[in-house]
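For reference, chains read A, B, C, D and E in written order, and residue numbers begin at 1 within each chain.
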């Protein structure tokens, strides 16, 4: 098994997994919050926020990567600030790859969760309110469990997207084997040389296998959750 | 207004709009069907279909583009077949760009619609059945109107994605001005030459403006629909 | 044609159009994508590649009109630094690139797949610098992205084509890699077998015309003939 | 149309084994909460696929698990008024009402205007279900099912959310459906008054099993069924002919047991009506009472006395083949020396027979 | 606790202008479908923000549109049994029941076991709401609200989906909540029997307006309110003391109007109970009747006769300050020569006073 992948390739696989997992884990709470805000609140700038969330979908990934570079790079405003105050560096680190993947996957995650929130019957939330639950508790005990299928869908979409993300990642943190070389970067590299297709195909298979496993898992969990809610 | 874009650029804008619109229009019925099948039916190979739908998300776009080239290119099996029997050519045509955009946007569309279908109360569909509506009629008169917010969300996600799609498109149908040069391809071309950033930025602005307009429109329609369903 | 030729080719095509009335349609993309498309039956008449190996692929597929392959352009590899007026350095075997970099990255195009990266790696190997900097190399999707890293200050130094470095105000060329440290950088051009039109031939010839030479040179390319 | 239902189904916590025949008319399913009434109705509608069993309507098979036949709901032409209205939220009340019309083979069913007037939902027609009160929703659901021109109507507690006045308006309409349109109805209700008034057949369900089934008069006047039905609701059904509408607002009725005066019964002279006489509304006397406000005094004979556990006694009386029940205290039964064969006078107040307990004869 | 409600709200189709005070005890909201009962309850719960108005409980302001005060629902500590149960689908029945517990300040409210036993939902505890019948769902909703230890309970037709037997079990419990826990209750119901049994105060709502409000005995025995309440439901409330439980299952009660025997009343000798005597269950005689099964014969005096449009007459009787109503036919009233001041005998069957019409005194 270890034979047919070079150590660098194994490292790319491991890194892709780590980057995607971290990207999803960090963006999930933010995604739920933003989705809730977009679904339920009315506030100034709501459509601006909505547009911002969708931006990574609209822009060519390279542009997103370039903008990330300008903002979160060490010379960028936000990047410099984070570095100075928290010692948090994104440039040329796997953290940067996770940031890029997270941002690219964000619109997909938010939309799925938002749809789920919009489908929750506010009457149930009202009922919880009359039983003494504050807004936060209502969210945690009623809304969140009821939107779990949507959260799972959003998570798997985001994970798949993160696993496949390439354009923004390579533009932002480039491609340093073992540090920022994700599976898609490795695949891309092979596609660039004549006759590299076969090599690329091996890596593509691995990417597919990982993503399919995650997908099946999510379907399975999603079904279990849905069955619980349906009550039988 | 016409001054600050070259005719080729205007053509890219128009083409992008056309490609995205056609991609969304054609994939919408298929997307609804696939989403319904995944949400409601149990059949052999369901998880394979599910995986296939997600594939474009997982793979680097370049790989998807290359696979499209191999399959739908004039020498590809499907491409040759379609050309011989229906005179339908995708390779290096705007139709191919639409195909690529549609396929790349497909997972987003399907997931949004599927979430909406899963949220429809089957009890309402049962009620329609007892009133004499066959499955198809139930779908058209009950399910479809109730999932409209999800369909709108899926459509806008797909449209945004189609507007931003680049990697698969340029790999599949290349970047021929007036024929396959979409806005993202044009942006890419500018990004590739020294000093092209300002030019690219102009085009990025246009892409953002178009997508934001579509987004606002969709929010507005979605709200109107949701208000109708809430019944007040 | 390779995307890096856009500015120059657009100008030449515009002149050609003005002169002959024939419209030229140019598709700019990565050489690899273009080559694959041509092999898969793209309706192209002329192919200008940024990489020799992809042109070889097309030729192997028998799609090049016999006798039309010529090395159209050349380029030089330069070391760029962030900032308008960075100190020039002497690039040779004694050049301590690693010390110059410190903990920072050297920005290059992908060293195993993208031509600019391949040439750069070869140069560094020939100069004996590769082992010391290998771990510090940040590889980008293409030369432009590599340049962007230097331009934004993310990486202090980068290795790019001279043609890319000309227009960027945020970088300065601090050294040129000796031509003999890597295989010659060549942009081959061919007339493809699909080209039947006389206009195709005319434009192919226009590419190597004197008028075009100036345009290419202005963009930092070397004209080979 | 005769509906024949026989099936078994197993839920965690309840095993159903149901078998009954529903002849034309109204068949009432009566039973406690959780007994399995809704489950039966769902099996008939085709919304539940029973573990095993057969459901046929006039011989045509709707469900037959042995033969692997399961007619889908939309081909059964069975109207269903759900316990939870299940209105379509995206359609207006009018669209909800007319929904079934699109699919009904003929268009000569009840007219929209008539149903709307009867259910008093005219002002709601352009609203959506989200803006309706609980009772309004249930009324629209009722109208929607009726307007789909079904050949069988299933009603799961359709009147539970309605006030008495509304009930009083809707019940005669259901009677007309039963009698004029000859629409068979399967009716689930907790209200014995509704059941007694409408039902031609009664099916008692307890814990998933049918404990009694048969013609309504027989089941309802069977003293042994009384505990099941609830003592308060014990009573008998008397058939009478309308003799005359008298000018002080009373109606004179002739029954085999004697003459009765009741507050205005909405039927033409000559028509036959069913009167439900609650056992607890009947007083007994061994002497003909005088100077009393009760108008209806029937001479009858005691045929049966059941003394229960409590302080009460259920006395069955007969006269000319008609049966009524009287519920009195054990103390009174002893004091009056009641025994089978004893002639007694049954005293019944005219106003005791509530309007809802007078139904069109069927 | 005294609840004071006064607000205006405008729906397309209905303008509400509501004002009433609910003193401690049970306040019944009675009115036709669509009258605005649920809207009132929602305004009290804080689920509806009225266009203008004030809602206060014991002086503490819950809503005051002028002062821009609107206490959110979860701080009101008001239990709400919804017309549509609204159980949480993802929680088991047990988790639903205990949901309010997490947020209740003290834990000494009704115990889970007691509520579960009373509502007979023990076997359902581990199921989810999706697998419950309509009545089961409503029972769980009732339990959930009670277990949240509210300081005020809102009930929107909580018993409509329950059968008589269940109702008979739940009603005494609600009485105990009212009397022992002193939990004030706002109660919406279509059933006059429930209202008369439980309510200390009655508020009649018609078309968004309060048409009558006051102590239950006064409202329910006011002949002019009878048409509003439904003629069948007209009646009066008699207060009596339990004198003895006799060995044949009857209970002897002493009221100011005389001695009454009723089937076993569940109260200790000496306790005070409220009896609801339906006007239609009372017979009148000018002579003391003999050899009759009715045990309760009260000597009273006619104080008022109302002759309605129909064939009936409503006769108000008094004895020692207690009032009862009798509904007889106009024909009988004339035949007996009834007029104010005439002494008559009111005849009442022991079994006519249904169990549900006997409530703990309050």
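Following the convention adopted for this analysis, a contact is a pair of C-beta atoms (placed from the backbone, for glycine too) under 8 Å apart; a residue touches a chain by one contact, two chains touch by 3 or more.
Since this is a predicted model, take the numbers as computed values, not measurements.
Listed by label, the chains touching subunit A and subunit D alike are B, E. For the pair subunit D and subunit E, the fraction of shared interface numbers is greater than half, so the two copies use mostly the same residues to meet. Centroid analysis (C-alpha atoms only) places C farthest from subunit E. One simple way to say how far apart two chains are is to compare their mean CA positions; for subunit B and subunit E this gives 60 Å.
Separating the CA-averaged centres of subunit C and subunit E is a span of 90 Å. Here the spacing of subunit A and subunit E, counted between their Cα centres, is 57 Å.
Between the CA-based centres of subunit D and subunit E the separation comes to 26 Å, rounded to the whole angstrom.
Looking at subunit E, one finds that residues 84, 127, 131 touch two or more other chains.
In subunit A, 62, 66, 167, 188, 191 are the positions where the chain touches two or more neighbouring chains simultaneously.
Shown for subunit C are the residues that touch two or more other chains, namely 30. Here the chains touching each other pair up as A-B, A-C, A-E, B-C, B-D, D-E.
Residue ranges of subunit E in contact with subunit D, taken from their complex: 11-13, 31-34, 37-38, 83-84, 123-124, 127, 131, 133-136, 139, 156-157, 160-166, 190, 192, 230, 232-233, 248-250, 261, 263-264, 280-281, 283-287, 289-295, 310-312, 326-333, 336, 347, 349-352, 354-355. Residue ranges on subunit B touching subunit C, taken from their complex, read 62, 65-66, 69-70, 73-76, 91-92, 170-171, 174-181, 185, 188-196. Those residues of subunit E that touch subunit A in the complex are listed here as 45-47, 72-74, 76-80, 82, 84, 86, 88-90, 99-100, 102-104, 127-131, 144-145, 148. Listing the residues of subunit A that touch subunit B in their complex gives 47, 50-51, 54-55, 57-63, 66, 107-108, 111-112, 114-116, 118-119, 149-150, 153, 157, 160-161, 163-164, 166-167, 184, 187-188, 191, 197, 200, 204, 207-208, 211-212, 215-216, 219, 226. Against subunit D, the residues of subunit B that register as touching in their complex are 123-124, 126-135, 137-138, 141-142, 145-146, 228-232.
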